[in-house]
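Each chain carries a letter (A, B, C and D) given by its place in the written order, and its residues are counted from 1.
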Amino acid sequence: MQTLGIGVIGVGRIGAMHARLLSGQVAGARVAALNDARPEAARALGDELGVRVADGTDELLAAAGVDAAAICSSTETHAPLIAAAAEAGKPIFCEKPVSHDLVEVDRALDAVARSGVPFQIGFNRRFDPAHQSVRDAVVSGEVGEPHLLRITSRDPYPPPQSYVRASGGIFLDMTIHDFDMARYVTGSEVVEVYARGAVRIDQSFADAGDVDTALVVLEHEDGCITTIDNSRQASYGYDQRVEVFGSGGMAASENPPRHTGVVRTAEGTRTPTLPDFFLERYVPSYIRQWEAFVGAVSRGEAPPVGVVDARAPLVIGLAAARSLHEGRPVRVEEVVAA
Amino acid sequence: MQTLGIGVIGVGRIGAMHARLLSGQVAGARVAALNDARPEAARALGDELGVRVADGTDELLAAAGVDAAAICSSTETHAPLIAAAAEAGKPIFCEKPVSHDLVEVDRALDAVARSGVPFQIGFNRRFDPAHQSVRDAVVSGEVGEPHLLRITSRDPYPPPQSYVRASGGIFLDMTIHDFDMARYVTGSEVVEVYARGAVRIDQSFADAGDVDTALVVLEHEDGCITTIDNSRQASYGYDQRVEVFGSGGMAASENPPRHTGVVRTAEGTRTPTLPDFFLERYVPSYIRQWEAFVGAVSRGEAPPVGVVDARAPLVIGLAAARSLHEGRPVRVEEVVAA
Amino acid sequence: MQTLGIGVIGVGRIGAMHARLLSGQVAGARVAALNDARPEAARALGDELGVRVADGTDELLAAAGVDAAAICSSTETHAPLIAAAAEAGKPIFCEKPVSHDLVEVDRALDAVARSGVPFQIGFNRRFDPAHQSVRDAVVSGEVGEPHLLRITSRDPYPPPQSYVRASGGIFLDMTIHDFDMARYVTGSEVVEVYARGAVRIDQSFADAGDVDTALVVLEHEDGCITTIDNSRQASYGYDQRVEVFGSGGMAASENPPRHTGVVRTAEGTRTPTLPDFFLERYVPSYIRQWEAFVGAVSRGEAPPVGVVDARAPLVIGLAAARSLHEGRPVRVEEVVAA
Amino acid sequence: MQTLGIGVIGVGRIGAMHARLLSGQVAGARVAALNDARPEAARALGDELGVRVADGTDELLAAAGVDAAAICSSTETHAPLIAAAAEAGKPIFCEKPVSHDLVEVDRALDAVARSGVPFQIGFNRRFDPAHQSVRDAVVSGEVGEPHLLRITSRDPYPPPQSYVRASGGIFLDMTIHDFDMARYVTGSEVVEVYARGAVRIDQSFADAGDVDTALVVLEHEDGCITTIDNSRQASYGYDQRVEVFGSGGMAASENPPRHTGVVRTAEGTRTPTLPDFFLERYVPSYIRQWEAFVGAVSRGEAPPVGVVDARAPLVIGLAAARSLHEGRPVRVEEVVAA
């Protein structure tokens, strides 16, 4: 079998991770070239992996052996790079989000639609086996019609202040994964959003016009009500849970402990804390995400998380920001109409 | 030691349970007399327990050996019985709620205040060891300042339609326990309520002007945000969980399984479902609730769950009903002012 | 329905527990009379429960309303009391063991057989829902043919030295429950025993010619191999587990925690320790044991844990003692033949 | 930092796994060359990893860039390859066991001792974080003096019959990991062994003079008693548990489920089965094993699992085989003296 040559654009933390996984742990794929706005970062990783470094994104997209593009650079570059890759006829994998600006998003996704290239957005959590088992229990009918969904998503420690300022706010940066999860698990679109938020961890979030603690209620088309709670700082580790309750039962993905050791003494029972962060928790999901992309492209099928899935969570996030600002529930169509 | 003689008023499901616990499993207490609007029910239980049956509540309150009153009759009788017991100078244990009508509540609680008799409201879940451990983790400072609280409270099957019609609605009947829990765990009053509800289980709830599925968001004075989710029908049993997240960690009370057996085969791992209902889950909390009442009365102290705790959750419940009706967050003071 | 009147002989720790359970928590039964070698103990409990105190065991067995006898006095009285109750034609519940002396055991059980009275031995753990679920998984065939069984049975703290000296040794006092469990779960008799033991907790066990830590390997008729480990002192509470492994899977009963609270901080995850001791862990099994006895007697059926079950674990215990003494595996028939 | 070049000898299932881990996931190491008795297997893996294939083990040991040898070929080649690598002055990592023949073992380990090269034997389970936490709880004193240790080690399905015939029997092939674990966790040598075994899964084990189900009791120098139970076929997956009980408490490593999803319905609670086999369960331990080797070699220290650890479990295994054959406990010194 021919392996799919991926050109990786952007080798910061997440891009480097993708490149390393593609080099050794994803069957049917290899890194064909890489590129970064910081040439020395690109060179270092290129040396480590034995991969050529392209001089600019145009050269990368045109390079021999580049069958598809992985867009992992900073968010504001995503939309133009999507357009460029689409024009070059390359299948696209893009880290989330496409953009913080809905007009930009629509322009980029239109370019994808016109070109007909396969497109996948990086909502890796859909590929986590535990979260997927929650979705499976809905699809199979085992838990019946979804009535209530709750998602807990708490980071172990906050990002640097510079990151926060460019992040688009907690709803577009962090909760967006949970908006996607709500759509994924229920299979139903969101029609209304009510958001609460507070600064409880660090005043710098307030300075950036953001919150660090959030609670969002979603109403879905099918009547399911979702609650999402977020914190930028959970002292006990990376807390990632999804639970659906339906007419036939419930399904949940629990947190894995760091290891399965346990100590019992007169003082009580002690088990480890939670994983440090997403690299510890979600590596299998990143690998399975790539396998899904490679498989879809090689079979000529549409990748499993496409254009609609790239756009919808962004709209929900914009509605959440408006709800928090105005102190009232906001219909998603209010944003769509904007 | 002298045991405290309790006069039990109302021996329906919950009153009979209290009487049986007081007869054999609560140190320092005994049933001195009992009474019910249905004389044959009173007689049957009186025979079973070897306890005299009083002919009317006045006779019961005046009877020799009745040191305190347990008001377990139907909700609309609570307020007048509280007034009567207060006038008779008897310490009062009253099942929740005092009334669905805030004016009635205030009248009854005023009578208690004027008489100075000890008063305890039956929020038994505060005495559940697991829920209490969540509260303890807040009080001790172990989890730091509370940022987020979430409460899941789902019944295994709905009550009869006749019960629903007289229940005051899901927020006053079922969620009221959760409103109390939110105040208990955080130690902070609620200032704003946002409620969503739906009829997902049985159309008869709609016919009664009620919902069977609910989601409530509370904002506390200290900034903590609580979410409560309720369902009248969880197919897998009685689901009762409380979880607080704070600046230092989190504490939760999980569901106990029916027993601790586990079976592993090639098909997966199987453990039992959850307890059938509150009698299976909460018996220890009912016993400990009585021990707290008996202890407080015998030491001349105020019982641990008093007049303020009887009133506040009712106000929150009324605010929730208004929020659901009006589709907007409601300040608790809007209800207080009413 | 007529309730079964039980005459309780011996109201020490275990007898008083039985009397209290029979007074309030066992449907279809009541305490008809009680008796103890220490008259003041009998009187105190009689007053508490409102039950007449018989002057001697003969009077108790002859008393009006005594339909059955519960023999809960000290071990050396069991055999003669069984004979007396059998002669009196009363159904018998007897605490384990019948005797430490096999000749005495056989004499007592012969008396039962001749009289034809129903007889049940107090192996309450068979009625624990979790342990029972392990047995059920064998009986239903879900785990296939049993290959390996392991039983952990560790007390939280050792008994007083006086008790140890009269206990018959760890195998007849403590492990005997586990020998019964091994027969119960597998449904197969034991043919060979290999025992190891050590004094690790308190030198007084050595002084009494006993051990406080033991490991026993049993070979069953059907080829299953059972291991039992015992300690007289587990600092973290009462540790009681049973696990069967078979050709189709495995089934286990795990320890319940004291409650279901959990705390997560940066230091790790903390849950409660195990139950304090048998009164905390096994009350439901004691109630269900009585329900089984009362049900069998009232239906005229043989109780579920009878004469054979009273004798077999004692023989295994004697073989274990010999194995420990002689440092070799001992065939059970060596004891039977003795 | 200079990376350590490893020459991998033998690229069957386990050798290929080592080579792949060394290529991408072990910091400070790389595969410098590889070799296999089946040239096409060596060539295929060499192509995949971009690594040169040596023509014979002598060439491999002499090749430029080979700083250390990983001996992963079939067991009967281990002893001569250890001698050759020692003579070549190369640090040695060797898969277990060194040999089934104690004379061969001693000859090989003597060669290591004379040459002074670093030597590590592949008992990877010592590097599993959960098992290590059990050992840590002993070393730190948290669980006090070890009294009882129990190890469960059950494979999901049996190896091919050809493998069984060359395996040296269950004690040298499978239980040997558990013998090492018993020494590792307790930190105390084994002085006596009692073994039971049976053929319960497949008659072909009997044909090969082997058993497929085993129970071994070890007595340690410090008085701790260890039990190990093994099965060649656990229908529910790879079952790997270690539990130590001591004067201060207990510590255990539990099985991880395949993922952390859970489904609750009226039928019960369902979670996934156990990992498929060692590649799914133990990859992190293999990586940490290599990190320990690379770290020790680069710091000029003795690797953490050395010559003594390579020899002792083999002696225990030989004693177990004798115990099973003779039906009696066997002193380890009986084998040492042989």
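In this text, a residue touches a chain if its C-beta (ideal position, glycine included) is under 8 Å from a C-beta of that chain, and two chains touch if they have at least 3 such contacts.
Because the structure is predicted, anything quoted here is derived from the model rather than measured.
Taken together, chain A and chain B share the touching chains C, D.
Between B-D and A-D, more C-beta contact pairs are found at A-D.
Chain B and chain D, compared by their mean Cα positions, are separated by 57 Å.
A straight line joining the Cα centres of chain A and chain D is 39 Å long.
In chain B, the residues that reach two or more other chains under the touch definition are 235-236, 248-250, 264-266, 272.
Against chain A, in their complex, chain D makes its touches with residues 20, 23-25, 50, 128-134, 137, 142-143, 248-256, 258-266, 272.
Interface residues of chain C, counted against chain D in their complex, comprise 144-145, 147-148, 150, 154, 194, 196, 198, 200-201, 213, 215, 217, 219, 223, 225, 227, 229, 231, 233-236, 239, 245, 247-250, 327-329.
The residues of chain A lying in touch with chain C in their complex are 235-237, 257, 264-274.
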